[in-house]
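In what follows, subunit A forms one complex with subunit B and a second complex with subunit C.
Moving on to the complex of A and B:
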């Protein structure tokens, strides 16, 4: 039960965002390093949905891209079924890739515009099952299209002939075609209207039950996250600040940032009204983040210790002020 | 009221009809829709994926490309027709008087040019600014849309920005020339709640201070509730309901709008199944003869299978459903 299927261990990613060398030399400015992901660790049990939430630019997609092996970490490791994704032998990587799929944040950029929908979905089918006879393959494509609420005749169309939401469904159908164990879903429904969103979320859960799929769900929509995830990790400027069971996080958020995040959710009950609670303070600069706890300039509980010392993640929360069970 | 004679609405759309030509014949993607947007008003457009929301936006600014074309309809901006403008005149209007935020942030940015180059070029195309003034203004715009330390990030290429940051650059581009009308197609979908709140406040301030008007296409009813004055609900190429935001959310009249409200996941509930409207919207190739929603409607009557309801006004707004015309089973 508690055997971790996906292990994210001390994962870090730095990007060099320095100006060009010559300019840097003329202006005598130092290199600029952006710590997009900073020593993040969590695990996901088989068949479970783990969600990552956090502000735009906090590093969620970067973690997602490392979790599928598309981007190599500066430090740390990702393990699937106790095997590292970042070993140097190609055959191993190839085998692992097949078990992991990603649904990207941008459904436009992720579909090849020159391929018909049918070929887009068939690509992983061919990799996964190269000797499948053509008629069976066509039938499999039709079934996948129907699963995501499209029609078999759509296999003949090109991506530009679909609306935004329809294209995202093609991306989901393609991810499912590989018959993966683990899917990283980066904002899978943010391009969809609510009624299609409901269908896709229900579908994702049905498939999870049917095939024991494990999901890493990245979303800024807290209602979606609450609906889907068993456990949730909250990211702030590249660091994990809280990890908790979904119901606990929503009923009893502990980290000051999590509390602020929950209070800022738009609500259809608040017609015409401004938000009662707004996020205080400016979003800090990730290239030169605040010292100590990155959240201290916006935190109502901050003390001098918070400006000097980064809090460790202990018992699911990284904050100096939050009371811990003795 | 300052004037005795009512000014024309900022945007007036009458009988807009858009067709897609295919080998198997024409498809009606937008079917005689009419609406207006007043000065300083935010009109929300919601509806099923594929209902024609983005095509409506594209039709207004004349950005349809074959095989899609407008076959009927009048579009007026501040009382003057804009549907017959030359390509050149339309290009000037776009950007200057009408700002457009497209649904796909990545494709609206040039991957080979830095954020600075793209913003400065747009600013200087519409406003008389020196290169250094344009750069300062570009940095200011990025700050307004919530990019931290914009002076350090502005020279980056789009791939170095996160999804939400790219979306905000697109918003900054659309606002650059201070347009009168902003057509925003899903402007906040990739944004978390805090940045979303900031963008919404920015858009509302533009309406309140400069009298700009916004056509806000989104499927996020939370955003609609907080920003829109009125809402139009689209289904299969038609407007099925339109009215003030409070009426649409609290007492929707059309069965589709009612279903839409039930499908919203709420923060209050744990992992339960969402109500979903069963079935899917009909394809353009197989539009039913009667009401397009009839195959999925729990209240459909015999009449609904054969005849199309038209938009019928009530005290607050209008809805296209036979139930509201007093028909009974």
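Moving on to the complex of A and C:
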């Protein structure tokens, strides 16, 4: 296995969702803690795309936000090139920030509506390279716009003059402006038309090749993940349940949850044929998750052990029934 | 990167500002309503009169040496005993009412404008801090705002006025009256701004463009003023206009109560107070004209504010 570029180490995030102190005291209710992410570990090799898939509320976006340093973890660490992201050293943090960027889900909210495109893309340039002369900066903006398939003239327009796909291109240009190594893409296409999704994904792949970027792709769309990722992590209620190479995961899913997910994908070949496995149950409330293995109430293979003991991630799968004995 | 990158040809921004303004929805909605255009015209007229008061008024009401008691309590020119030297008559000091009115308008408007600007600066800053940072800062600022909301604005203004005067040992001498008035009105109007800005700032803070700026390490104060502020200014403009009308009334009320500007340098409110003493003895013009101008001014500014609120509200388009 090659040298890990991004290491996510036992990463956990708890959110305090308690009612206000006074209310809690009057009603004598305890604090309520939501374990959004629970001891998640994985690594990404330089230049590859790692995808995190999971249902809404599974904590995948929270992992993404911790991986870029927008949220600080309750426990655990994120390392880029063997250097921790979370150190209380301002100069170090700023140096790390430059190498990490993010592409957000909603291109209508991720661009400031009052700023011209040029200023939006210029902001990272200005922050990371404050002494760059103005003409050079303008040239850099024009080059970035062309890289993402827009025209330099677009620098003078406001975000509302663009379509969703074009806005996402602007967001990509802004991410590239910092000249990063690692980009977290949080559902980059889920707000876009299907016809535009492929264009954006192909653009991202082209840029990855061109600049040697490493992607962490967060998505609930298995088709997108299959198109983009080399390795995939499946996440359920804040825990990583399976990590595997893309081909292996799609051809030979091991964790019962992964199998259920893949079985739920509509398949044009099998129209009319009944579903072999059905998605059963619903995602439990993450404030009050099931004991032991979070998946046991929906799992066809569950045993009593599963209700008591949380399985470790062994050899890429976290399941008592499936894991080979170590 | 390819070496054949064409030199970007950045055109000048040719769509002129005026053209865009003329084509905008606001302009359209403005030209649709005669009442609004009338209010705007009256407000602009009064503003110009106030601005050029020293040039358009026939006498200098602030020069006490020029006053002649022989000319006191003259009625307006069109009544018996009036003269066109004093078109709107004179007060008990022999001061020309028209000139006093124009200078009073000037003072009233400048006090209200200055206090709204103070309230706006204070309210926007506190509202941004409250909305952007949340937590303890938010709790403290908003509780203070809540407490202040339980008092009528005029009471807050009176309180501030009294406290500042007591602290500085002022007794209607010197130019400090003006600034005390600005301070007391300004401090009683910030809450509206702070609450509105806080609400909008909380919405904007959670949007991803703020996250994108935080991601690259832009400082919070910079994010607050360059990213969040421009996106919360729409409602602020509306509140500023409506507050201006309220500030004009508040200034007049304070001056009427005798804690505002002194009779030697009267605002509209002071003129009404002085005229009030002569109402029962038949010299109605001393109180009538300042009151009329005050009512027209407050009404037209308020109409503008109401219109602006509706015009900027996307749900009412």
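Here is the rule we go by: the second predicted complex is superposed on the first by the 298 of 326 C-alpha atoms of A that agree within 3 Å, B and C clash if a C-alpha of one lies under 4 Å from a C-alpha of the other, contacts with A are read in each partner's own complex, and residues count from 1 in each chain.
The working rule: a contact is a pair of C-beta atoms (placed from the backbone, for glycine too) under 8 Å apart; a residue touches a chain by one contact, two chains touch by 3 or more.
In this text, all values refer to a predicted model and were calculated from it rather than measured experimentally.
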Which of subunit B and subunit C A:93 touches, first, second, both or neither: second
First (subunit B), second (subunit C), both or neither touched by A:170: neither
Which superposed partner A:235 touches (first subunit B, second subunit C, both, neither): neither
Which superposed partner A:306 touches (first subunit B, second subunit C, both, neither): neither
Subunit B versus subunit C as contact partner of A:124, first or second or both or neither: second
Subunit B versus subunit C, judged by how many residues of subunit A each one touches: B
Which superposed partner A:204 touches (first subunit B, second subunit C, both, neither): neither
Partner chain(s) touched by A:105 [first = subunit B, second = subunit C, both, neither]: both
Partner chain in contact with A:40 - subunit B first, subunit C second, else both or neither: neither
Residues of subunit A contacting subunit B in one complex and subunit C in the other: 105-106, 109
Of subunit B, residues touching subunit A in the complex: 46-50, 54, 103-107, 146, 148-149, 152-153, 155-156, 160-165, 168, 186, 189-198, 201, 219-226, 245-246, 249-250, 259-261, 263-267, 269-277, 280, 283
Subunit A - residues contacting subunit C, complex: 65, 68-70, 93-94, 97-98, 100-102, 104-106, 109-115, 120, 123-124, 127-128, 138-139, 141-143, 146, 152-153, 155-156, 171, 174, 178
Contact set on subunit C toward subunit A in their complex: 1, 5, 7-11, 13, 207-209, 211-218, 227, 230-231
Residue numbers on subunit A that touch subunit B, as the complex places them: 15, 17, 19, 32, 53-57, 61, 105-109, 149, 151, 162-166, 186-187, 190-199, 201-202, 205, 220, 222-224, 226-228, 230, 246-247, 250, 260-262, 264-275, 278-279, 282-288
